[in-house]
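Two complexes come next, and they have one chain in common, subunit A, joined by subunit B in the first and subunit C in the second.
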Partner chain A sequence: MNIVEKILARGAGKSSVSPDDVVFAKVDKVMMHDVSGPGVIKVFDKLKKQGISVDKLWDASKVWVAEDHFVPSAEKASAENIVKLSNFTKNYGIEKHFKYGMGQYGICHTISHEEAMVMPGDVYVGGDSHTNTTGALGAFACGLGHTDIAYVLLNGQIWFKVPETYYFKLNGKLPDHVMAKDLILKIIGEIGNDGGAYRTMQFGGSGIDEMSVESRLTLCNMTTEAGAKNGIVEPDQKVVDYLTQRGATNFNLVKGDEDAEYSKVFEFESSEMEPTIAKPFSPDNTCIVREAPSVELDKSYIGSCTGAKYEDLEAAAKILKGRKVKIRTEVLPAAISIYQRAMENGLLKIFLDAGVTVGPPTCGACCGAHMGVLAKDEICISTTNRNFPGRMGHVESQTYLSSPLVAAASAVTGKITDPRDLE
Partner chain B sequence: MESFKKISSIVTPLDKVNVDTDQIVPKQFLKLVQKSGFGKFLFFNWRYDEHENKKSDFVLNNPKFENSQILVAGDNFGCGSSREHAVWALLDYGFSVIIAPSFADIFLSNCFKNGILPITLDQKIVEKLQQETGTVEVDLENQTIKTSAEEIHFDIDSYKKKILLEGLDDIAQTFQYEKEISEYEKESKIPSVL
Partner chain C sequence: MKGNVIKYDRDNIDTDVIIPGQYLKVHDYAELATHAMEGLDPDFHSKVKEGDFILSGKNFGSGSSREHAPIALSHSGIKAVLALSFARIFYRNSVDGAFLLPIEIGQDAYDGISDGDELDIDISTNEIQNITKNQTYKMKPFSEIIGKIIAAGGLFKYKPDQD
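What follows is the complex of A and B.
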């Protein structure tokens, strides 16, 4: 069995499972946020009306809650949702509720690794499509709708069809100017928006072994854009060290067998990788940066669960050090812990000196919610994950997806720029 | 959830691929959590211009399709964010059946939780259905789509068919077995820590 089959088999209490088996698996962790949470509460209200008891959760200690999409609240409806969420966690005794304005908080998928909320080998579900991110820690992580999350909260398990696995093998260490974001954009460009539909996308090979945990998180994060059920990397010492530094103990590393089967293997050579972007209006509409269209950018956005981890900020700072931005540029660290490290290590000073606006952790403009959304006809280069029409604001705005290195280099020139071509 | 009845309606052709959930319900409406009323936000940016006037060239604004209950769309329908609001909006607007060559995974699952029947058909058949102007009958019980010209069979998982026909979501379905579950748990020797 491969790693996903092993995790699901354990969750289902079976000795083995195969792709297409339907299994009922125990869930180890479940997450909801300020959009899916109120949705789940609505499902609970409906169940109550039907006379079904929703007095008790299956296990409040395995539930955690993030505030990220519409925080800090820009208007009344969002503020009311936050109150609703707080009442819910209080009533049900959920202790792990990361509230803005009270220490650590941030984008749910970032909190999942920054706070070691999810462990290797876990079956982890979240009320958000980018829950796939956390598979980089060696967990089976996938997104669910509100009704399914409500079900998990009450029952502690959920059914899955065991996905078949596509294995993406990267040979050799990525060159310095190429980031995990470039690789995942290239992959999505090759297999398409639904190329991973209901499949696992597993990443491995010497290039992945060399990669930091944060880079692996970027890869798994955007498996969602290929329609994948989940993304995963087999856990190694790097994952153990990363989570240990964040307070985790007792590891149970699940890895695939020697003879694990994959339905398809794709191979990539690191030496051939180039900085890559996705042009409007789809993450699979990719090209290399040096062949990008010559457009006048209005904005550079460095944020989101995809592109505002510490490593992403560090990459942007490397470019912006001693330079000035030519277009509006925003940096929104994905969690307070990252914000703090960026402050302690001088990154914030580099950003502010370059003219960048640094904002609080939030999904913000990535999902077009608030804090820097785009006007009609505005063109943005962004370290985020989606560029469908209107994703970041006006339906006639445009978003190019890129790595933090490319977004920072482009901020300096006002055009889409390969970091190697910067003077 | 209401049980799924036989549907007779004209089809609304939506000739677009990769329709993502942000096109189905734009993010500004996600803050709202009342159960009904999402229909008015369905395909909001395609239906209305910036002054919220109806755009005459969008198919849903064509009075001909006003009472249609069947949407026929392109590949990878419902991709993007996991927001269940997308399904609520389609349902509230009046669609009970969505036909496409393929669906995004979470969206597909959300359909069954809310009583919408998603039907996956071959690209060529979908294209033909998009041209259909007469009444089309969708019969879940017999897994058929009848047009004026032909009868098309579709596949559906037997469990999913049952929950739609009986109007049970997964939670209601599980609670049908509440008695058996409690009895099993009483008997069970498995330590609770597992």
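What follows is the complex of A and C.
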């Protein structure tokens, strides 16, 4: 069996599983946030009316909650949702609730690794499509909707069709000025935005061995944009070290067998990658930056679970150090712990000196909700994950997806810029 | 199950256009319905009727996991979405929450059915009858688990232990 089959077999209490088997798997961790949480509460209300008991969760210690999409609250409905969520976690005894304005909080997928909420070998489900991110730690990490999360909260298990696995063998270290974001955009450009649909996208090879945990998180995060059920990397010493630094102990490093089967193997020469973007209006509409259209940008956005981890901010700071931005530029660290490290290590000063506005962790602008949405006809380069029509604001705005290096270089010139071409 | 078709002749209708991000804070189902398809078709709310079907191309419902998407369509009156293929979270949200039927069709049905056509869909025989054009197409049968959850009326009413 491969790693995903092993994790799901253990979850289902079976000695083995194969692709297309339908199993009910026990869940180790479950996450909801200030959009899916109130959605789950609504499902609970419906169940009560149908006479189904919602008095007790299966295990409150396995549930954690993030406030990320609509913080800070821009209007009343968002503020009410935060109150609802707080009442829910209090009533059900959920202790791991990362609250805005109370120390560590941030984007749910970032909290998952910054706070070591998810461990290698876990069956982890979250009420958000980019739950795939956390597969980089060696967990089966999969996004679900409100009804399914409510079901997990009450029953501790959920059905899965065991996915086929596509294995992406990455050869060699990424060149300077090229990041995991460039590589995953290249991959999505090749396989298409449903090229991984219903499947696992597993990454391995020397390219992964050379890659930091945070870069692997970027790869797995974007598997959602190829339609994948989950993304995953087999855990190694780097993952153990990363999680140990964040307080984790007791590791169960599940790996695939020598004779593990994959339904398809793809090979990518990571050592030959170039800075890459996705043009509007789909993450698979890719080209290399040096062939990008010549457009006048209005904004550069460095934020989100995809592109505002510490490593991402460090990359942007490398470009922005001693330079000035030419267009509206925002940096929003994805969690308070990252914000704090950016302060301690002088990155915030670099950003502020360059003219950048630094904001609090939030999903706000990435999903077009608040905190810097785009006006009609505005064009943005962004380290986020999707660029559908209207995704970051007005339906006639445009978003180009890029790495933090490209977003920072473009902020300096006002045009889509390869960091290698910056003077 | 009879109804009329609203056809969107395109692929990759994502959940951001089905219900834009600014409405994710809304959890009132009737209010969500007033914003359904707003990112693609601002006239949708005024033209949709109870019992209608949506017909579209491949990868319907891609992107965000927001359950608001099937909720907004369902509470607009949509009983089924017919598509060449579906993104996985939209598909399972539609079924597990018993909001609407996600029906996978072939190219013959996609090409044959026009906007406004009246259909009669029978999931017991996997047949789609086009009453307007007097044609019949096959739908892709639901997998075993999906069929059972639909028959039960959603995931919470499905009892896996009784299989």
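Operating definition for what follows: the second predicted complex is superposed on the first by the 423 of 423 C-alpha atoms of A that agree within 3 Å, B and C clash if a C-alpha of one lies under 4 Å from a C-alpha of the other, contacts with A are read in each partner's own complex, and residues count from 1 in each chain.
Following the convention adopted for this analysis, contacts are C-beta pairs under 8 Å (C-beta built on N, C-alpha and C of every residue); 3 or more make two chains touch, one makes a residue touch a chain.
Quick caveat, the model's predicted, so the values are computed rather than measured.
Model built by superposing both complexes on subunit A: subunit B and subunit C clash. In the superposition on chain A, A:G368 makes contact with both subunit B and subunit C.
Of the two partner chains placed around the shared chain by superposition, subunit C is the only one that A:F24 touches, whereas subunit B remains out of contact. Applying the stated contact rule after C-alpha superposition, one finds that A:K181 touches neither subunit B nor subunit C. Residue contacts after overlaying the shared chain place A:H97 against neither subunit B nor subunit C.
Counting contacts by the rule stated earlier, residues 35-36, 38-39, 41-43, 47, 50, 52, 69-70, 77-78, 81, 127-129, 143-148, 151, 159, 193-194, 197-198, 227, 229, 282, 367-369, 386, 388-391, 395 of subunit A appear in both its interface with subunit B and its interface with subunit C.
Those residues of subunit B that touch subunit A in the complex are listed here as 18, 20, 22-23, 26-28, 30-33, 35, 45, 50, 75-76, 79-85, 87, 102, 104-106, 109-110, 113-114, 169-172, 174-175. If you check the complex, the residues on subunit A that touch subunit C are 22, 24, 35-36, 38-39, 41-43, 47, 50, 52, 69-70, 77-78, 81, 127-129, 131, 143-148, 151, 159, 161, 193-194, 197-198, 224, 227, 229, 282, 367-370, 373, 386, 388-391, 395.
Within the complex formed with subunit A, the subunit C residues making contact are 12, 14, 16-17, 20-22, 24-27, 39-40, 58-59, 62-68, 85, 87-89, 92-93, 96-97, 143-145, 154-156, 160. Residues 35-36, 38-39, 41-43, 46-47, 50, 52, 69-70, 77-78, 81, 84, 127-129, 143-148, 150-151, 154-155, 159, 193-194, 197-198, 227, 229, 282, 367-369, 376, 386, 388-391, 395 of subunit A touch subunit B in their complex.
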